[in-house]
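Chains here go by letter, A, B, C and D, matching the order in which they are written, and residues are numbered from 1 within each.
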């Protein structure tokens, strides 16, 4: 049966945001929060891309004087920090925010206001770093700042503090987001969606969230220790004061490596969804892919020392980490095998999202294999801190995460906007980006093997690096042009794209049941899941349950393993408090760059705003006013 | 809105309760999530402490006084004793005992406030300023990390207490009291390893 | 010596194709042109890795292309064929076995290469201390004859065929000593001592660079490495141990006054240790850690405006009249 | 709040590594070039390194007492920038710093020395510990 108009109108009235700018500031709709995350992150990716082009231009000619050392060091620090902390991780969280409720047939995230708080705090981190850049106090020590160079003695001023606080900003936002995503996936699955029937995308987001929860505290601790060393003269990283410079590296990379898998694991979720839909068959080796994802998540915490092979740690320890680092190639390899097997035994439809998956496999496997090469403790002594590693990290980050992300945009764009992106321009952008990227970054492998060190603002003539650097510059320019074509296609299709309907690709998961663009309440009823691919296995009418409140915001809470309905949880409505709290927290973070007293003074506004946020709005004791409801 | 998939109603959820207790409740999982985050931060801080300790020629470094045992024992004793009223409040929350929950929250707020006093003296008697050497920095870091948790939970309990006394308490609010009590147990459990690290490891090494 | 040479010939046989491919663009600062036992071990490992990884990549791409072509034909058939995955399950196991064997080979190869790097640790070796400064290298030789330390900077000489044990440390921030033709890089970390054994097998000029970002002028912190036969090396070391010969002209006095508080020239009152030791400055091949070639023009330019050539360097622009600058340049150019 | 931070921060943090430093001594305590050094954290920290390299900490170290203590903020010959600059150049019998330290370095040294009294002792000690291995005049005791 089609839900009647009255049913939808009552739902829409309960779930609609207040109109206008106030609605924009107070919304807790996971789709609007995700959309602003994606827009901000894509704009920052463009800015950081421009920085990359700047550096490529500087390196295209030996002894180039276009950029001085200070400007170049600021550029690569800002490029790295922005791409990793302000673009990649937030984009993956945004995809989770946008898709997890839709795939669960739920009406919002578990903690709606916490989602709003995550975005505003992330946005505070963006402003903290980029306003500092505008004011010419850009951090200039790279995206990981090893003491003692980042210590009080060798980097005066507040540049390193701004970098460290920006990380604290984004990591608190990421932690809040991952607790939100994990709680949503564990406790809000539709009736019948047991763990065995959970789509791979949700497994990917769950595992990435758990990895975030366990790894981000390490970087928050280490940046706080660095700021303490710089501001209140603690001795964590001063060898003469009893500290150890390597303690920073251990703690940072204990976070660093899981971080890059937090970026990669969601990408495997995107690829699995796309491959399943465009091969038009159930994903081959569902359990193999999920188990591989789990082992990648677990192994990621056991191999951080491969970033420190050259610091002179005991050899046997290094060899253990070689084995652990190489072992991660097994689950990754099995995942790749399962995707290719799914395509092999399916009826392939080569639309743009599938093109991106093919681009992903072709590029990421090169990155994975160059990763296996640098994983060797011995060979890494020749490869680390050279352009070989720059090539490897771009192949696994752009090839392994950005290409699936472009595919995911092309795949879920019709669901978000109701219109299809143009296939022709989609493939032109694909050729531009993938072709340009490989032209740009393949030569860097050879530059590294020809001895070009990393992070050099210029290099002497006569080393044989000139032509390869010029090819790399050309390739990067082509890739960025392709990126602009992709964005232009997205913007153009918003108005003029072919109308898509609710399920243009014939997808297998629940997000294709709701209309596109989905209304504020996502779906009229709570779907019941009886298989891994509900949209394919059920008849014309999707089995669903009624009974969730229509006149107040309610979400269904189910049990963790078997998704048995437990109770109807009141879902928080729009509120300004998340924004207020994130302003208070931002003020405290920025203040604490200048004086430790800012933490004590800043605590008061934070306490006040959090009280406002969590103050349950129920009737006062003894008054007979009916329950205030929404 | 474009056409959407038809539905076939197979059940009704309206008879489900609108709250639950313990791990069946959604907010309980959010609470656990944040406890895991802070627990990982404590574990990593302890790892940093042990890392520096194992590499130091002498622990505590020569010339550094031992951290005072008097106030720390008073604090630790008080904290462990506070587990009893805390468990009672937890029980009241589970059995939805309104008066017990209100007076329990007030009692826990006062107890936490009282514990601030020995904690303040602990800071004074740590024996080493944080800026002398890495040993001083580490024990100050551990103590400050734990103190922030004591303060935040005290404030959370205080606000909850004020709200409980002035409002009609619903099932969700009982769940909030339960989570608050669980969080206080977490604060107690975290303190035990840190107490050993700060006060007894320097004496044992 | 025989064992490593023989091992090299064996390792090269399977890796012939990749070696030809990568050997082509060898240089004086490249792991692809090994000149010592350590570098050969790493080069062989590189060939092994490239071969195995290249093979696996071809397998993956072949599988991908085959699957896409096959699936495109199936797309033309309307009905979805019944899904029988038993064949795919078996091939999943097969692929796991292939990956595990590939990884085992690479792990074992890496372990062997790591052990080869340490092979020279047992031999008695000449000690050299290299200390990283912000943006130059202080190098001290322990003269086997006299047992005293001889200091030089920015240029490392090594005896052919003999093992030299380099003790790496840092004076300020983390640097990384990397001379790719001679061995892998080891970081120089304040508060730690790291050891690196070098056993050169080919004489000639090589170039190394700092490989860990260490501040504004990280890009201009290179070092020249010269491998000589033992006789020439001993002569060079003896020459370095001597004090500077008496020089004529005003240059020495001017140098003593204006530059002596940071630079040392043994045998003259100039005894500053903040900057590199210039006792045998003119014998070196480059100025300011590989930034400029050792020519009179470069020397004059460096003395007049160091900030223009290496912005951010700690070397100040000493205000000298042209005649004085010329005198100091001539004095330095005579310090063989 | 962020905007205010931006404007206040920019001059203090600027780091222009370009040739063309001042070639002459400051004329008077109100020389317009002084803020570029006294207010710039990079120039002050460079001054600190030259303070070590020229061996000043031998007499003016952390625990120096009386007139040699530069961190107590009272200056026998006047605390103005030009006064301190002159003292470094002319009032060190036998050291002849006027010739031995180039002009720009003496600007930086003056900025560092006048900035010392604005920091707590532990901050200076923390920085000194990181730079423990820096050469002190003609003495270098090996790396850290």
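By our rule, contacts are C-beta pairs under 8 Å (C-beta built on N, C-alpha and C of every residue); 3 or more make two chains touch, one makes a residue touch a chain.
Just so you know, these numbers come straight off a predicted model, no measurement behind them.
Located most centrally within the structure is A, per distance between chain CA means and the overall CA mean. With centres defined by CA atoms alone, the chain at the far end from subunit C is B.
Note on chain placement: the centre of subunit A and the centre of subunit C lie 37 Å apart, centres being C-alpha means. Measuring from the averaged C-alpha position of subunit B to that of subunit C gives a distance of 51 Å.
The distance from the centre of subunit A to the centre of subunit D, each centre being the mean of the chain's C-alpha atoms, comes to 45 Å.
Touching of two or more other chains is recorded for residues 68-70, 148, 153-154, 229, 233, 235, 238-241, 244 of subunit A. Across the assembly, subunit D contributes residues 17-18, 122, 125-126, 130-131, 144 that each touch 2 or more other chains.
Multi-chain contact residues of subunit B (touching two or more other chains) are listed as 131.
Interface of subunit C with subunit A (complex): residues 22, 25, 27-32, 41-42, 45-46, 49-50, 53-54, 56-57, 60-61, 63-64, 66-68, 70-72, 74-75, 77, 80, 83, 85, 88-89, 91-92, 95-96, 99-100, 103, 106-107, 109-111, 113-114, 116-118, 134, 168, 172-174, 176, 178, 180, 183-187, 189-192, 194-195, 207, 209-219, 222, 290, 311-312.
Interface residues of subunit A facing subunit B in the complex, by the touch rule stated above, are 1-3, 110-111, 114, 175, 178-180, 182-183, 186-188, 191, 213-214, 216-218, 220-221, 225, 228-229, 232-236, 238, 241-244, 247, 250-251, 254, 418, 499-503, 512-516, 519, 524-528, 535, 539-548, 554, 556-557, 559-560, 565-570, 607, 611, 614-616, 618-623. Residues 68-70, 73, 141-142, 146, 148-149, 153-154, 239-240, 244-246, 279-282, 284-285, 288, 310-312, 315, 318-319, 322-323, 326-327, 329-330, 333-334, 336-338, 340-341, 343-350, 358, 361-362, 365-366, 369-370, 372-373, 375-386, 446, 449-451, 453-460, 463-464 of subunit A are the ones touching subunit C in the complex. Every residue of subunit D that touches subunit A in the complex is listed here, in rising order: 1-3, 5-7, 9-10, 12-18, 41-42, 44-45, 120, 122-123, 125-127, 129-132, 144.
In the complex of the two chains, the subunit A residues touching subunit D come out as 68-70, 127-128, 131-132, 134-137, 140, 148, 151-154, 156-159, 229, 233, 235, 238-241, 587, 590.
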